[in-house]
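The structures considered in this document are given below.
Paired with chain B in one complex and with chain C in the other, chain A is shared by the two complexes that follow.
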Partner chain A sequence: MPPLGSPSKELDLKHEEKIVQFVSNVRNGKIDGSNNIALKMLLLLEQIISECENATALELSGLVREVGRRVCRALPQELVAANMVRRVLRAIRDEHRAVSDQNGGSAEGATESLQRLVLAAAARRGTLGSAQQDLREPLRDHIAEVRAEIESGCGAVAAMATAHVHAAELILTHGSSRLVERFLKAARKHTHYRLLLAEGPDVKESHGMALRLSLLGIPVTVISDASIAAVMSRVNKVVIGVRAVLAGGALLARAGTHALTIAAKHYSVPVIALCPLYKLSPLHACDHYGFNALDNPRTSLSYEFSESGDVHVEAPRYDLVPPDHVTLFLTNLGGSSPSYIYRLLSELYDPNDHQL
Partner chain B sequence: MEIDKENVVQAVVIMDTFNNNFSPITTNSPFALLSVAGVPLIDYVLESLALGGVGETILFCCENGPKIKEYLKLKKEEKLPWSLTMDIQVLMSDTCQTMGDVMREIDAAGLVRGYFILMGVNSISNINYAVLLEQHKQTCKKDKGAAMTLVYKKVSWQHPITRSDKPIFLAADANTRKILMHKKYKAKSSDKIINLPLDIVLNHSEVKLHHNLVDANIALCSPSVPPLFSDNFDFQTRDDFIHGILINEEILASCLYYTLLKRDEYTAAVTNWKTYQVICRDIIHNWAHPLSIETGTFYQNNFVFMGNHNFRSINSTLSRSCTLTEDVLIGANAHISDNAILTKSVIGKNCVIGSNVVITGSYIMDNVTVKENCKIFNSYIEHDSLIEEKSVLEGTIIASNVNIKAESNLKGSIVESSVADKEKTLSKSTSENEWENESVNSEDDEFIGLDKEWSDSDSCYSTDSSEPTSLSDSPVPDDTNMFLQEVIDSLARGYEEKLKCDYLILEINSSRYAYNIQLNEVNFFVVKALLSIPILTETKSVLSTIKDIWKYFQPVISNYIKTKSSIMDCLRAVEDSCLKSLWLEGKAGQIIHLLYDADVVDEDSLLEWYKELQEYKSPLVGQSSVVKFFEWLQEASEESD
Partner chain C sequence: MSSNDEKKSRDEVLAAREAKKLSKQKAKNKGGVEVKKETIVDTHKSGIEKDNNFVNKNELEQQKVTSVNKCDVEPATSKGSTKCIDEVDRAAIKPVEVKLDEAKTKDEIKAERAAKKAAKQAKKRKDDKGDVAPVAAEMTVKDVVETLKDIANVAREVQNVTAKVQAISMEPKKVQSEDSGQSKAKLRAERRAKQEAQRAAKQATVQQQAVPTPKVDPKSKQVQSPESPKEDKIPKAKSVEKTLTKKSQSVNRVNWFEHLHMQHDKEYLTNIPINSNLHPAIIKLGVQLATRVVSGSNARCIALLDALKKMVREYSLPARTEFGRGLEAALGASLQYLWRLRQPSASQENAVKFLRHHITQLPNNVDEFDAKKTLQEEIDRYIKEQIDMAGQAISIAVREKISDGDNILTYGCSSLVERILREAWAGGVRFRAVVVGARGGGGGGARMLRRLRAHRVPCTYADITALSYVMKHVNKVIVGASALLVNGWVVAGAGTAQAALAARARNVPVLVACETHKFSERVQTDAFVYNEIGDPDELIDKSDSNSPLKDWRSNPNLTPLNLTYDVTPPSLVTAVVTELAILPCTSAPVVLRFKLSEYGV
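Let's look at the complex of A and B:
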C-alpha cells in the first residue's frame, strides 16, 4: 500500500527519537494492550504538535501524517496507533473548517450527509492551506476529548453488561482480555451467570483471569480451546474482545477466535464483540499484509523439544473473523450490527485519511 | 535525564571468537558483521542488550576495530532503538590474542565498575539481562565467593542446536545451583563413560546432572572476575577459567553458579557453520522474537510473509514460475528468475538468481550473481561473487569477489580469491575422500554441506576453539604430551645439576596448572618421566641408573605418591613405560622390585595391580621378570605369615 498524496516530510531529530522510543517500547511489550498503545500514541502526537513551529492546518496535518506513516510501517499490526493518527487528522480538518467558516461564512451547512461527505471531500482538501491560524490551542482540546473518550470507553462498554448478560446464562469467552474481564465483573454485580473460559494462546493470562473472576464468586470453568465446539451447544452467549474492527464489520482478534465463532454460528449462539470506538479501523482486510503476522511459535511448541528443530510451527497472531459471524458490536455508543460499522467509521474519520 | 551511574547495567561484548571456524569469511571482514538471516550479528547483540535493560556496553575488538566503529556510526545515524538507550564504547587492542588477554586488559583499564555481563558477539538471545544480573547479585550475597553465573538453556538432547555443538556435561548442587563439575566433549566423541568424583555425591545432598544444555556464551560476572584473570595468566579462554576455578576452588576462593533460562526465552551462540545454519532457521521461524529478520532496520517492514516461512523483501522481484519451498528469505532488490527452486536458503540484497537454478540450504550474501542452470547445495557464498552457468556447488564456502567458472563442479571446498595477482583461483581444496567419508558418517542430510566445513574444523574443535575464545591451537593430547616433556626436562636438568627436589616439585606443579592437568595424571606422568629421563637411554646399566635416579628423587616421589590411588597411578605408569620404552624392555619386574624395596609401593597395591594386568591380559603378565617378581612376592608373604 504505497502512500498517496503529499510527499514524505522530513521529521525533526527529536521527533524521530520519540517515534523510535515509542515503537521499540511497543515492540518489546513495555507498552501493551491497545488501550495503552492508543493513549501513548495520542500523547506522542500531542507532544509533537505542541512543539511544532508553524502550526497551520497544512503544516500540522503533514507532520501528523508523516509520524503516522512511520509508526504504521513499524507497527503494522497495531491498528489503534493508526486510528489515533486519523482521529487527530480529523480534528485538524474540523478545526480548520470551523476557523474558515468563521472567517468566510462559507456555504457549508451545519449537518453532514453522506452526499456532502462525498462531494465535499476534494474541496476540503484543497482549502486546507488558506487559513493561517495557529491551531494548537483548539487541537489540544480535541485531543483531550479523544483521550477522555478512550479512558471512558471501556467503562462505557462494561456498563452495558447488564443489558446483555442475563441470569443463569452460560457465557463463553476466549483467552484473557482486560475489557472482557471488566465487562464480566460488571455483569456479576447484577446477575448470577456461569462462565466458560476457553484458554487462548496466552494460557497463563487466561488462567489468571479465570482465577480473578472466580474470586468474585462467578462459577468459572476453564476449558481447552480444542473443546469449544463440544460445549458450544450448551452456551447461551459468546463474549469476545477484539484487537480491531475493520471496515465492513470484519474483526481482528486473537488467534483461535475464528474457530470459536464458526462453532457459535453453527449452533446459532449469539456472538457479542466488545469494541470501544478507538478500535474501529477504516481498513479492509485485503488492504494490509500485516494481518497475517506470525507470533513466536513458543505459544504452541516449546523450543526445548527436539521437534522444534525440524518442523514448521505457524503461530498466527490474529484471526480474521468475517462480519456474518458477529451478532453485535458493543461500542461506547451502544450496540451496533456489523453492517452499521461503516456509518460509525464515517463519523470518526475523514475519508481522506483512510490511507495515511 | 540524570543517569545513576551506579545502577547502570554494564555489558562487555568480545567481538572476536579467536578461532578460525569461519575462515576465510572472517579473515578480512570482522566476525561481528557476519550476516545471520540477513542481519549482521552485532545488530542482534546490541538490540538484545538494549531490550534486556543494559545501559552501557563495552565492545572489545581485537581485529578490525575501525570497521566496526564505522559501522556503528552509520547505524547511529539511522537512529536505531539501542542508540537511544545505551552507551556504547568501542575498545580496540591488537595485542590481545585470547579472551584471557581481553579480560586482563579490561582489568588493567578498570573499565567495569561492578557486576557485569560478559558475552561474545556470537550470542543471540532474547533474555532480560538486568533481571539475570540481579539474580547473580543475590547469589553473591549468599556466597561471597561466587564469581560467575553461567547462562544455559535446557533443550532436548536431540535438538539440532545441541547436536551441532560440543555437548556439555554439568554436575551441580541442586539446591544452590553451584557448579561442581563442568566438562565439554569432543564432537562425535566415542567416550561413553562419565566419571563423577565420589566426593561430589558425598558432600551434597542432591546433585543435578545436565547433559542437554545450550551454551550461549553469556556469563554474569562479579567484579572479581577480571582480577582473577590477571592473577592467573594461564587462563586463556572461558573454559580455562571455568576449569581453573573448579580445580582450585579453595585457593582462588571463588566458585561458579549456573542458571537455566525460562521456557519462553531463547538463546544460542553461532560457533560453527552448523550452528549458523540452525540459528538462521530459528530466526526465520521467529523463535528468537523480538529479534527477527527485521532487527537493525527499525522495523520498517521490508518483508512480506508468503507462507511456509518464506519471506521476501518488498522490492524484490520474483518470477511467476519460481518456487520457494520453505524457509526462504529474499533480500531487497534481489531478482529470482524463471523456474528457480529455492529451499531453506537466504538470498542477500541485489542478488540475481538465474533461471532453472536450484538452491538448497545455502546462504548467499549481497550482490551475488548466480547464472542459469546452477545447482547450489549447503553452501555459503560471500558478497560480490559470480557463479557462472551450470556450476554445481555442494558444501562449498566461497569468499568475496570470487568468480566461479562455468560448469565447474565443487564439492566440499573453500574457495578464496587471491588478491595478489587479481586472478581468482582455487586456493584451498580438501581431498574428496575425506569429504565423502564425512558425509557417510553424517546422519542428517540437511547438514552435509556445511557439515564438511565443520568436520574440517574438527581438529580445532578438539582444541576447544569452538568456544569462541581460544587460540591456543594445541589439542588436548598435545597438552598432556607437552606437560610430560616439560616434566622430563625439569627432572633431567634437576638430576644433572643436582637441584633441590623442592624446587622441582614447584616446577612440576606450575607446569601442571599451565597445562591444566588432573592430579592423577600428574602422578602418572611424573613416574613416567622418571623412567624416561634421557640418561637412561644412553647408559649401559639401566637398572643401576634407575636405582640412582629413584634414590635422588625420593622426595619428589613421596610428594606425589602417597595415597592408594596414586600408587596405582604409579604402577600404571611403570607398566606404560615398560611397554613403550625400548630401554626398559623386559625389566619391568626389576623396576617393580626397586619400587617395592624403596617402600614406594606396598604389597596390596601390587597384588591388585597384578590382578588388573591379568584381567585385561596386558603383555606384561607374560614377561618372565614380572612373573618371577610376583612368585617371589607370594613366597615372601607366605613366609612372613
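Let's look at the complex of A and C:
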C-alpha cells in the first residue's frame, strides 16, 4: 500500500512547470550523469519545499511524494531521482519525530538496530499528522547534508582505490564512467598498474577516457567488447561503474556489463562495483526488461547500412547484473558484499517510502 | 633537412638525367633501324602490361563469383569489396615498384644484357628441349590458353629483374651526382635500395637458371624494354617515409602480446622479399591474405588450394630433378612466403599436409604431366569432398535441429553457418536468425546480416553488448569455428567465447559447425599463445574525424588491441556438428585418428 494512503495532491502550476523543466532537461541530455541528476533533483525538491505555504509534516510529505511520483512516471529509468525523493521523505519523518519527541519527551529511536527497526516500524507509521510545526528550516539542513554527501561520495569511493589496487595489476573496466575514471586516477597516485578498457556501447566516451588516463601515465589498452572473454583469464580485477544498485544486490549498468561479469565469474575474477550511496535503490528487478530503456538502433547498426531498413535491431541501454556476479560494492561507507545492500537501504530510506 | 632543398636537388637530378638520356638517344639515332625496333617493342610491352592487369582483375573477379557460395569473399556488388580489390591490385604491384630503382639510361646496358641473356637462353634451350617438346605436344588447347595468360604475369617478373639489374649499375653514378643535397635519411634509404638491388641481382642469376618454360616464348623477350621514367620518383619517397615511421612503431606494443605482434602498415608488405621463383598466383594470394581480402577459414583454404593448383600446373621441372622433390622445394618456398604474410589457419595447414602427402605418394620416375594431372585432381577432390560436400552434410544435420518458430543466434560471419541458415530457410523451416556482430573488424556480423537478408531470412541484429539482453529469447546458438583443437577447445573469431558464455548463463545450447578439415593437432588453453592481432585502426571510429584515439601512435601509453581469435572451452559447447556426426568437443582426437586411418592425413 502507498504509505499513509495519501491521496494524490494537486500541485501548483509553478511547481509543475519546474518539474516539466527538469524532466525535459534530463531527457534532452542537458543534465547527464547520475550525480548531476541527483543534485538537480535535490535542488528542485528544496525549491518546492521552501515555497510551500503550510509546511507541516503531513503536508510536506504529501507534496514531496507527489513530485516524486510525477518525476518517476516521466523518467522511469532514472532511479536516482526517485532515491532523492525517498531521502527527503525520510528526512521529513526524522524531523517530525524529533519534534514530537521533544514535545512528548520519549527517548525513542536514539540508536538504530535491527531489532528496533522491526519493532518500531508500527510506532513510526502513525506519528505523522499530529504536530503542526514549520519543518522548512530543519529540512533545509537535512537537504544540505544529503547534498554534501553526494558531492563527497565520489571522492570517498575514489579514496578507497589504494586499498583495492595493488602494484603491477591488470585491471579491466567497461565503458566510460566518471567515477571509475576518478577511482583509477586516485589509484595511479599510489601504484603502477595496467588498464584494459573495453569499449562498451559509448565508444567515443570510452576512447576519450582511455586518452585521458593514458596521458596520466597509465598504460591503457583499448579492446573491443568482443575480446573480453579472450583476455579475461589474464585480468586481476574488474572495476565497473553502475547505474543503480537494486534491493537484492543486483545492479543496473551500461549494456554489455552482464556479458563481462559472466566472463569474470567464469574465470573467477573479482568484480568491484563502485556505487556511492545515492545510487542505492530499494526496488527489485527480476529480468533485463524491468528498468531498461532502448537506445537508438543507430548505435549498433548504422543507418547507412542498406539492410538496416528491414531487420529488427536491438539496442538496449542497460544490463541487469545479478548479485552473485559482483564480489564487492564500494560505497561511501566502505566495501560491502551484495548481501549487505538491504541493510544499507534500511539505513537510508524509510521502508514506507520504498513505493512512492 | 628542409624538404625544399630535397625537392630542388631532385629536380636537378631529374634534369641531368633527362639531358643524359637525350644525348644517348641521339647517339642511337645513327643506327635508325635499331631504334625503330625498340619503339615497336615498347608499344608491345605496354599492351602486354595492360593485358596483364586486366587478366589479374578478371581472375580475381572470376574467383569471387565462383566462391561466393562457398567462401567468405565479399559479394562483388558491394562497394567496399570492389575498393578492397583495387587496393589489392595496387598492393600487389607496390612491392614490385619499390624494388624498381632509378631506371635511367637503360639503353647502354641493354646491349650487353641482351647478349648475356641470349647466351643463357640458348644454353637453357639445349637443356630443356628434351622435356619441353613432348609436354607441349600433349597440352590441350585449354592449357595453352591458360599458359598464354600467365605469360603476361611472368613477363612482368622478368621486367622487374631487369630493372633491378639496371639499378645496380646505375647506383654508383647516382650517389655521386646527388650527394650534395641529400639528407641522412635519404642516404640511408639509398643504401638499402642498393643492398636490395644486389640481392635482387643474385636472385636474378638464380632465376635465370630455373625459369619456367613460357619464358622461352618470344613474347616475353620483348618485355625487357625500359621503364617509363615517371615511376622513378615514387620508390625513393617511400623508402624515406619508411625509415621515419619505423621508430614510432615499436613503442605501442602490448608487451604480453609481443610474441604475436605483426606490423599492420602498408610498408610491411613492401618489406617482404619477393622471390621471382614464386608463382604469380601465390604472390597475389599472399597479398590478399595479408590485407584480409580473403578471410574466413574456408575461403582461405580454397584460395590456397586454388593458388597451389595453378602453381602445380605451371611448375617446370629443373633438369635432373625428381618431380616430387622439385615440387616439394618450390612448395616450401611458396608457403614460407605465404605464412610470412599471414599465419596459416588450421584448414590451410591441413590442406598443405594433404598436398604434401600426395606429392610423396608419387612414384619415383613419374611422368611430369601425369603427376601434375593427379595432383590437380586430388586438389579438386579435396575441395569438393572436404569443404563443399562436408558443408552440405553439416547443413542437413543442423537443419534437423532447427524447428519452426526458433530464434537462432549466430555470432560473426561464417560461410558455413550462413549456408546452414540459408538452406534451412529454403527448406521451409520458419525460424528467425539473431545475428550478433561487434564493432571493428572482428565481428563481421553486418556481413552475415547482408548475406542472410539477400536470401530473405528474417533477421534480428544486435551488437555484442546486447548479447545477454537478446539471449533470453534465443533457442539455439550456432557458430562457426576456425579450428577445433585436439583437446576440444574451439578456436573461433573473437567474441565467440563471449557468446558461448552468455548462452551458458541462460542454458541455451551452443552448436559449433565445423568441418573435419579444420580439426587441428595443436593444443591451446588460452587465447594468447596463438592468436593474431588485427589492424588496430579498425577499433577507431573512422566516421568521426576527431576521434580521441586517432593519435594513438604518438602516445606510448595508449594501445588499441584488436584480437582476431579467441578460444572457447569444451565445457561451454554443447556439441560440434561435423560431416561425420554430431559429436561432443572431446571427440576431436577420435576424428583425427579416424581421418589418419582413412585418408592418410
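By definition in this document, the second predicted complex is superposed on the first by the 342 of 356 C-alpha atoms of A that agree within 3 Å, B and C clash if a C-alpha of one lies under 4 Å from a C-alpha of the other, contacts with A are read in each partner's own complex, and residues count from 1 in each chain.
In this section, a contact is a pair of C-beta atoms (placed from the backbone, for glycine too) under 8 Å apart; a residue touches a chain by one contact, two chains touch by 3 or more.
No experiment lies behind these values; they were computed from the predicted model shown.
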Query: Superposed on chain A, are chain B and chain C clashing or fitting side by side?
result: fit
Task: Figure out whether A:Ile218 sits in contact with chain B (first) or chain C (second), or with both, or with neither.
output: second
Message: With the two complexes overlaid on chain A, check the angle at chain A between chain B and chain C, Cα centres, nearest 10°.
response: 60
Message: Taking the superposition on A as described, I'd like to know which of chain B and chain C A:Val313 touches: first, second, both or neither.
response: both
Message: With both complexes superposed on chain A, which partner does A:Arg90 reach: first (chain B), second (chain C), both or neither?
response: neither
Query: So, does A:Val23 touch the first partner chain B, the second partner chain C, both, or neither?
result: first
Contact breadth on chain A, by residue count: chain C or chain B: C
- prompt: In the superposed arrangement, which partner chain does A:Arg182 touch: chain B (first), chain C (second), both, or neither?
  reply: neither
- request: Look at A:Tyr303 in the shared chain and tell me whether it touches chain B only, chain C only, both, or neither; answer first, second, both or neither.
  value: first
Message: Let me test your reading of the model: by the given contact rule, A:Ala229 touches which partner, first (chain B), second (chain C), both or neither?
response: second
Task: Considering only C-alpha atoms, give the closest distance between chain B and chain C in the superposition, rounded to the nearest Å.
output: 8
Query: So which bits of chain A does chain B touch that chain C touches too?
result: 292, 302, 305-306, 308, 310, 312-315
Chain C residues touching chain A - in the complex, by the definition given at the top: 254, 256, 435, 438-440, 442-443, 446, 449-450, 453, 459-470, 472, 493-495, 497-498, 501-502, 504-505, 526-528, 531, 539-541, 543-544, 547-549, 555, 557-563, 565-567
- prompt: How about chain A: which of its residues touch chain C in the complex?
  reply: 199-201, 203-204, 207-208, 210-211, 214-215, 217-231, 233-234, 254-256, 258-259, 262-263, 266, 287-288, 292, 299-302, 305-308, 310-316, 319
Statement: chain A contacts chain B in the complex at 13, 16-17, 20-21, 23-24, 27-28, 73-76, 289-290, 292-298, 302-306, 308-310, 312-315
- line: As the complex stands, chain B meets chain A at residues 50-51, 79-81, 84, 153-161, 263-264, 266, 278, 281-282, 285-287, 289-290, 298-301, 304-305, 308-309, 326
